[in-house]
Every structure is written in structure tokens, then in C-alpha cells.
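Chains: A, B, C and D, in written order; residue numbering restarts at 1 for each.
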Amino acid sequence: MNRDKPWETPEQDWRRAIDTVRAGRPLRPDSWPGDAQCAFALSFDCDHETFELGTGRAAIGRLAWGEFGRRTGVPRILSTLARHDVRASFFIPAVSALVAPDALTPVTAAGHEIGVHGWIHENTSKLPRAVERELMLRARDTLRDLTGAEPVGHRAANWDLSAHTVDLVAELGFAYDSSLMADDSCYELLSHGTPTGVVEIPVDWIRDDAVYLLFNREPPTRPWTPPEAVFDIFRREFDAAFDEGSVCQLVFHPFVIGYRSRIWILERLIEHAKSRGSVWFPTHAELARWVWDTSAIA
Amino acid sequence: MNRDKPWETPEQDWRRAIDTVRAGRPLRPDSWPGDAQCAFALSFDCDHETFELGTGRAAIGRLAWGEFGRRTGVPRILSTLARHDVRASFFIPAVSALVAPDALTPVTAAGHEIGVHGWIHENTSKLPRAVERELMLRARDTLRDLTGAEPVGHRAANWDLSAHTVDLVAELGFAYDSSLMADDSCYELLSHGTPTGVVEIPVDWIRDDAVYLLFNREPPTRPWTPPEAVFDIFRREFDAAFDEGSVCQLVFHPFVIGYRSRIWILERLIEHAKSRGSVWFPTHAELARWVWDTSAIA
Amino acid sequence: MNRDKPWETPEQDWRRAIDTVRAGRPLRPDSWPGDAQCAFALSFDCDHETFELGTGRAAIGRLAWGEFGRRTGVPRILSTLARHDVRASFFIPAVSALVAPDALTPVTAAGHEIGVHGWIHENTSKLPRAVERELMLRARDTLRDLTGAEPVGHRAANWDLSAHTVDLVAELGFAYDSSLMADDSCYELLSHGTPTGVVEIPVDWIRDDAVYLLFNREPPTRPWTPPEAVFDIFRREFDAAFDEGSVCQLVFHPFVIGYRSRIWILERLIEHAKSRGSVWFPTHAELARWVWDTSAIA
Amino acid sequence: MNRDKPWETPEQDWRRAIDTVRAGRPLRPDSWPGDAQCAFALSFDCDHETFELGTGRAAIGRLAWGEFGRRTGVPRILSTLARHDVRASFFIPAVSALVAPDALTPVTAAGHEIGVHGWIHENTSKLPRAVERELMLRARDTLRDLTGAEPVGHRAANWDLSAHTVDLVAELGFAYDSSLMADDSCYELLSHGTPTGVVEIPVDWIRDDAVYLLFNREPPTRPWTPPEAVFDIFRREFDAAFDEGSVCQLVFHPFVIGYRSRIWILERLIEHAKSRGSVWFPTHAELARWVWDTSAIA
């Protein structure tokens, strides 16, 4: 792209930019396991201290606030999920896992999935291809060594993908990515127009707790949305997915949702979902497998 | 203007600045077609990928989110409008249309209007006059070639007009512009004090979904307004226009309103409007023609 | 102040900074005219186009939005005030008045006060003393020439006072200033520890409609507060002032409050105030005179 | 940390950054004094004029707004606390205290605690160790000289701690710090892995009134959260702490909460707490002593 005069960008250039990564065929199954009416895929990004470290900073206060995520947030989340017998996916930067490997045990012991979320929550879009590949591999290996299970899912930190990310995810054999937002149902990712065999479980900023509730210095965001309104937005996302018989996917952060005045949002969402009818709560890995297997090319 | 010491700007300079574009005679008809009590003019700005490309950037995530607008947002909007038999106007940057010309068919087939919205959602205020003219022509020609109909309406991207925009809109024969905000009823545009014959269908930031609901990186805006409050604001805008017997104009974006937790706002607004009494839902082109024809100079 | 190492600022320096302008004796009358229970002082800052011009910019869209204030906002406000037989104060930058002198007539004809609000809504804190003095005089003379009445009140644009502003306001014989916020009741201004004889009618950001409802590019603010919440805040400010038997002062802008979805806030506030009991709606000039005269030094 | 390429930071470096300050053993007593069900620890940061001065600036308007805190905010707070017979902690920068020493008397006379909050609300994270130590000592001595009581608590301005702050707090013999956020219950602070004997009474941005209600120029924050929602968030924080039998800690600022439209939040919170059952309202000093004494190492 011509950054200064974008209107002078030649057609082949803006077409190439757009075609780098694209949504391919929809992966919308006709039915869900156990005859559930819809799928409700919950995920928790355990950035903890790496939310700060990944930017190259190490402010004492921000690290403490990251520590809150592991010390207080995750246990509250696990206990909420256990109370309702619900499985979910935890995306964990490798450094965040290495800080306290023991903290992974209650996550995996409860049957939750652990997925790749960068080495140190780095901005992937700034990496040369070789560095990105090496960090992605190292992050996956680290999580496998710590948990004994090979991660099959990938989520880019802050959803900042480079032009190479999707190709690398495909090349390294991940079953799915969960960092893009071209749909609110699953789809197959295209790279430069070619199907990759990788399932996209789309996220969106509006289904992310941090967007509404994160205090941040730079950029200066504040938790200006009332928690009741956050619940209402997520509830509406679920209800419409339920009515469509589709999937509702949400992103939480232990250092955002794990507070006393917010954890009820997660609990009430689960209760509400169950009150609507039969709902499948898959891990992202289970979801990716189901939508892929049931949407085989005819 | 004296940028550093604005208080030293000579009177002739600040008068010239103010007089560049000005609201002229009001175009407020005494009645609406079919004896409707008021007019409700809905518009949808289909920036899609050009919201990102028009700034000279091409982040993978932002392009996916633009793709959401075309893949998911527009179909939801069209189905809502069809369910209520309502016509509206779609403003589409030419590049956005060229990315997927087939996506225009369901829009035009349903009787909606397509209007000019820049070449690549460029910032018009930064363009030399000749470049602005050429892009405006090229954008109009592109849309005409793709749809078979000559666009008669113009809306500047981000409502950033240059000092030449209104003159060019007049010179190129557009029936109306919809980028300014000197009133909430229609008016004739003045250029340097002279009537242009161009109808202004005023927009306003407060009647734009993105102002309340857009997640953006730079500037860092967040969807901090609860959807219920957005509905309430738009409902109040409509109700007061209804009570005045005037026009209510709204701006939506498929990548903003097209989500499951928000599309209901559009639907409930239409239902609410119809519940108040007889309401005319014109395209912007129909509205411009009506207010012009019924407000002939005595 | 030592800007880089504020902790090294010598005591005499931070004391001098603090003592430049200070709140003096409270001006809290025991009673209000007509045995009213409290005073409700409404003000409207008619920046219009100068909100943009005063920063040295002249974007077409921002000027149109300023024009909205005069063309649409002020008439709606005047009609609301007339309907309830309420008087208020309008602070108008001189350039804003010069753009359309006829627009002042309905304001003064209805008995409202017009006060000084800078020459072109310039940032007073950036002016040398002599320039500030000359602009303050010129602004007052302009308003007097246009309306036939000498303004007695002063409000600094954006409440950005220089170290000289209060001295100049006193020297030029204004009865009151309304730009500071050291209390929510009236007080006498001190300059370097000395009483000035100038009444301060305090404003506050939280009693300003723009804080909640202004769309701005730079800094990027949005109208994120629901109008119902704005009404609730202002209602609470009034109710507590009523209960104290004190004064409630509010600041509105025609280009902020003058929209269909917001003008009801003003109307309902007046209705609510009247429903509580006997309320005095003074102009700021009347208020300043009353609190001064009834608080004579014993 | 490698600021430009954080992903290249060696393991020993990110481990050292994380280990600088860490949460140690939990200090969660089995019971509260007087068999209360939980503790409700209220604090008020009296930055007043130093909120501005501490950044090296001295804008007239901001100083007036700081003056509001002392002149209007603190008296309203004291009267609310007195009405409900509740004790709290006031953290006061030394310069803020020196501006008006008489203003401390009603605070201490009512039995409230006064704690250290920097010299001039400086950013501690920018100070060399020796400067930080000297300012911390000088601030404590100043408060002791003015009130006759030695402060035992420390809170860093804006919660910006340097790598030395916790060590200095321990070395200078403070009983507790209240600037960190690794938990919502009390804990012992670790410095480089070693217990310090200092109690942490954790704060959090989400339990701070300014986060929701502060108007600021830079960064440009606005009071966008409706007061009712602020009450709801704090009420939820308290209710969950009550249900856990733990502690709820809140941070207020007189120049934020002290307005007529907001002071009710404090009052209604206290009323609500008392309506739930037996609640202990300790000063932070009393709280630190209790959690330390009742959590002796076995």
C-alpha cells in the first residue's frame, strides 16, 4: 500500500493485500454433538505478566496486576467452570506458563484445553518470518513439555497477525487458528486464495471482556462499560447464536473477568445458556474437529 | 487561519473560512408522499476493507474485520430490511465494490440505492482539487459500470470535505450530498454564499453507529455505549422527527451494526417507527428529490 | 515549577503557583429572591464556528457542526426556555457573534444575559498579558456594540485561565467570572491572597454537557454517556443544591444539547426543578449581584 | 527487558523483572474483630493541588479543582463518615498537607488515619533510589510533625512503584503498603523472593473512583460511567467480599467523589454494607495489624 497517498495504490497491490488471508468455505454443521441446539465456546487468555513484558516494559504495578490473573483470576474461573461442569480453552503465552508451571495442573486436570498464544505475548505482526516460526515452535514445545499434551490451537497475541502467520499455522500442523474475525461462524482459512485446511474459530473485539473492562495506561482505556451491560452484550451474542443453531465464541482474561464484581458475568452466562435448552460447551479443539469433520467437501 | 495565533487571524480570513460552505434555504416540505407523518432515511456505509486500506495500512486482522461487513453484516441488514419491506441507501467506496462485484447484486435487486463514497475511503480533505475530481468521477463511473445505474448521491469518507468538495459535487451533477451537519432537516448547500442547487441530507456523528460501537486502534475508541443506549438515542432522534413531521436520517456500517448483539437495534427501530404511524422510508435519492421538488422557490 | 523534576520545586515556587488564584470568602446567602428554596443558573456557551476556528483550524465539517449550534441548537433552547418562562446566560465569543449579529436579537429580546467568552474562543493561558487584555476588551466592546448592553460577566474559553486572567477581569470591572471550580457555591476570588471584589460563579466539568456528549477528533472523545445518565447526573446536582438551599449551575452548548435526542434533558430538568418547589432561575449577572449584596462583609 | 524486541529478552532477565516484587503468603484471618462478617476498608487520597503540581504543571483551573477537594470534598466525606460512625484512612502528599495544615485537624480529630502518599504526588518510578528514600522520609516526617502521629502506612502516587519502593517501605519500618494489586485479599510482600514483613493491602484500578469519574486533559479521560453503575460495581465488590468473609478495599478522591451528584455513592455503600450484617470498618492501619497478628506463621 501507498501509505501517504493510499488512493494511488495500484490495483494489484490492494488486491494482494486483501487476498493475503481470506475467509473460505463456511464450516457450519447441521447438527451438534448430543443434539445440542448450539455450541458455546469459552476461552481464557492467560497473558498474566506477559501482557506487560510482551511490550518490553516491566512496571511493578502492571506485573502485580498480571499476577492477580494467575493467583486469583484463574482459580475463580476454574471453580465457576467446575460448578457447572463446563470445559473451555486456555491460551497461554509460553513465558506466562514458565513463570509458574504448577499453575497449569488444575487447568489440564479439569479437562480444559491449552493453546498457543505466543512466546511472551509479542506483537506477531512485527516479526520476520523466521523469528515468528521459531517462536511459534518454541511456544508449542514449551506448552507440550509442561503439560504432556501437544497444543493443536493457535491464537495470536492481540490478534496482530503478520502476513505469514496463517501459512505458519498451516505448515506447523495446527488444527485451528482463533485470531480472525471475518464471520461469527467457523470457516476454513484461505492463504493467497488457496484453502489451508486450517479451521478458523473467529474471535471479535466485541466478544472480548478487555474491550469493555480493561484499565490501561497506553492507550488510555478505562472500564467504562457497566458490568451489567457487558453481560447483556454477551447474552445477546449467545441468544442469537442459539436461535441460529450456530456457535457463540467468547474471550475472557483472568486479570479482567476474575474480579469479584465481574466473575458473576461468566457464571450467569453459563446459567442463562443452560436455561435456553441443550447447549454444547466444547473446547476450541473439539469445536474445530466437529465443524471440520461434519463439513467435509462433498 | 493563523494556526499558531488564531486570535490574530484577520476578519476577512475567518469570514472566508466560514463562508466556504454554508447551509442555505431550508428544504422542509409540508407533506410527505402517501401522507406519511415523517421520513425515515436509513443509510449503510459499506467501507469494508477500505476502512483500513484508505489509511494506507493493511493489517490482516482489520481486513478480516472489514470482510465481516460484506460476508456477514450486509446479508443480515438486507434480510432485516426485506422482512419489513424497507428501502435504504448504501454508500460504497469503489474499491470496496470492486473487491466483490457480485455482492452488489442483492443490494440493487432489492431496490436499494447505491451512492458514491470515495475511491478507497480516502481522506478527501487532503487531496488537491484535480485529484479529488478525478477520484470522484472514477468512483462514480465504477459504481455505474458495476450496477448499471448512475449514482446521484455523494458522501465523503469520514465526512472530511475539502474546500472544493461541494463545488465538485455540484459541477459533476450530483443531486445531493450527505456529509454535512448544519441542521437536522435538509437544506440547499451554499458555496461561497451562492446556492449550488445541491440538496444536503445532513448526517451527524450522534446518528452514526460507529461513534458508539466501533473498536478502533488509532484513535483508541471502544464500544463503550451499551447497545440498549444506542437504540434509545436513535429512537429519540426518530420520535422527535416524527413529532415535528420532519426527517430522521441514520448512518450504519455493516461491520458495526451487523453483529448478533446489535442487528436487533435496526430491526426494533423499524418496528418502533411503524408503530408510531405512517412513516415513509425513502432512499436518500428519493428523499432529495422530494424535498427539492416540494420546496421550489416561490 | 520544575517541570522535569517537580519534587525539586522549592517551597516558595509551589506556594506561589497555588496562591495565584484562590477561593476567598464563601458567598452563600441565607435566602433567595421571592423566598425561593434555591437558585438554578443555566448557561449556554455559543462557541459555534469558533470552537474550530479558535484552534487555528477550519475543517468544513466542523464549521457546519458549529453552524448547527446557531441555526438549530439556539432556537430549540430559546423555545424551551420560553415555554417555561426561564431566564439564562449566553456566553458568546465575539467572532461567533459577528458571524451573525441578527442571531443575538432573539436571545436578548427574551431577557437573557450575554457574557464575554473570548474573542475567537482562544486559549487564554497561552496569551501574553497585553494581548489577553486587548482581546478581553475588544470582545466586550464588540458584544456591547452588537447588543447595546455592557456585558458584566466573563467566562474563559475551555476554562483555560492564564496567571493574569482574574486580575484583568477585576481591573476591567467585570462583576463576576464563571470559569473556576474550587467550590460548588459562589465565592469571592482572591488574587495572590488579596480579595478582588469579583464574584466567582463556579463551573465544573461534571456539570458540562460536552464532557459526556461531545464527539471530538482530537482528543478523541465520543458521546459515550447515555443521555438518560446525563439527565440523572444533572438532576442529582440540582436535587442536592435544592436540599442545601444553595445554587446549581450548569453549562450547555447549543451544538451539544441542541439535538432532538438531547434537548429533552434541558426541558425535563426545568420541569423537575419546578416540581420540587420554589426555584429561582437567575441569569448569572443576577445571581452574582444577589450573592454579593447579601453577603456584605460585616 | 529488551524494549524493542521483548521476545529476545533472556530468561534470567524476565525472571528477574517478575521477581522484583511478588505476592507472598496470604493474610486471610479466620475471623474479624467483634465477630464481624467482613472488613470494609475505605480510603481517601487527598492529592488536591498536588495532582497537578506533581506533574510539574500549574494550570490555574486544575489548581482550583484540586482546591475543591480540600474546601468542599473532604468536609462532605467527613460528615458522611461521622453520620455513620465509620473510620477510614486518608493518604496525603506532604505538600498537600503543608498547603493547609489546619485542614488535617478535623480528619485526625475524628479518629481517621493519615498515611504517606509521596512528597508532591511525584511519579516514584522515575526516582533514583536515594531521592526516593529521602522524599519518603521527608513526607513521613512532615505528616508526623503536622499531626503528632507517626504514619505507618504507605501508598505510592498513581501506584507507580520503582524497583526500590517495597524495599524502602520495609527498611523505613512501615507496617503496610497499599499500592499493589496481586490479590483482593491481604498478603505479605516478597522482595526478590524474600518475605519483607510488610503487609500489602491491595488496591485496584477497578475499585478506584477516578477510573470511572475523572475528567482529565492528558490522557483525555472523561466521567463516562454513570454514577449508578459506579455504585453497582463497588456494591458488587463489597457483597462478594462479605459472602467470602474477606475484605473489601476502596479508593476515593475528594476531588472526584466529593460532588453533590456522587457523594451519595459513599453514603449508600455504607448503608448497604450495614444492612448486610455485622461489618468492621477499620482504618488501613488497624486492618494491617489484624491480618498480620492473626496470620502468624505456624
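Keep this in mind: a contact is a pair of C-beta atoms (placed from the backbone, for glycine too) under 8 Å apart; a residue touches a chain by one contact, two chains touch by 3 or more.
The structure presented is a predicted model; accordingly, all values stated were derived computationally and were not measured.
**Student:** Measuring centre to centre with C-alpha atoms, which chain is farthest from chain B?
**Tutor:** Ranked by distance of C-alpha centres from chain B, the top chain is D.
**Student:** So the centre of each chain is just the mean of its C-alpha atoms; given that, what is the distance between chain B and chain D in Å?
**Tutor:** Taking the mean C-alpha position of each chain, the two centres sit 49 Å apart.
**Student:** Indicate the whole-number Å distance between the mean C-alpha point of chain A and the mean C-alpha point of chain D.
**Tutor:** Distance between chain centres: 34 Å.
**Student:** Indicate the residues of chain B shared as contacts by at least two other chains.
**Tutor:** Where chain B meets two or more other chains at a single residue, that happens at 220, 224, 226.
**Student:** Which two-chain combinations touch?
**Tutor:** A-B, A-D, B-C, C-D
**Student:** Looking at the complex, which residues from chain A come into contact with chain D?
**Tutor:** Chain A reaches chain D through residues 49, 53-61, 63-65, 67-68, 71-72, 95, 98-99, 119-120, 122, 127, 131, 135, 213, 215, 220, 222-224, 226-228, 259-264.
**Student:** Chain B touches which residues of chain A in the complex?
**Tutor:** 1-7, 9, 11, 14-15, 17-18, 20-23, 125, 159-163, 165-166, 179-184, 204-206, 211-212, 219-221, 224-226, 229, 232-234, 236-237, 239-241, 244, 248
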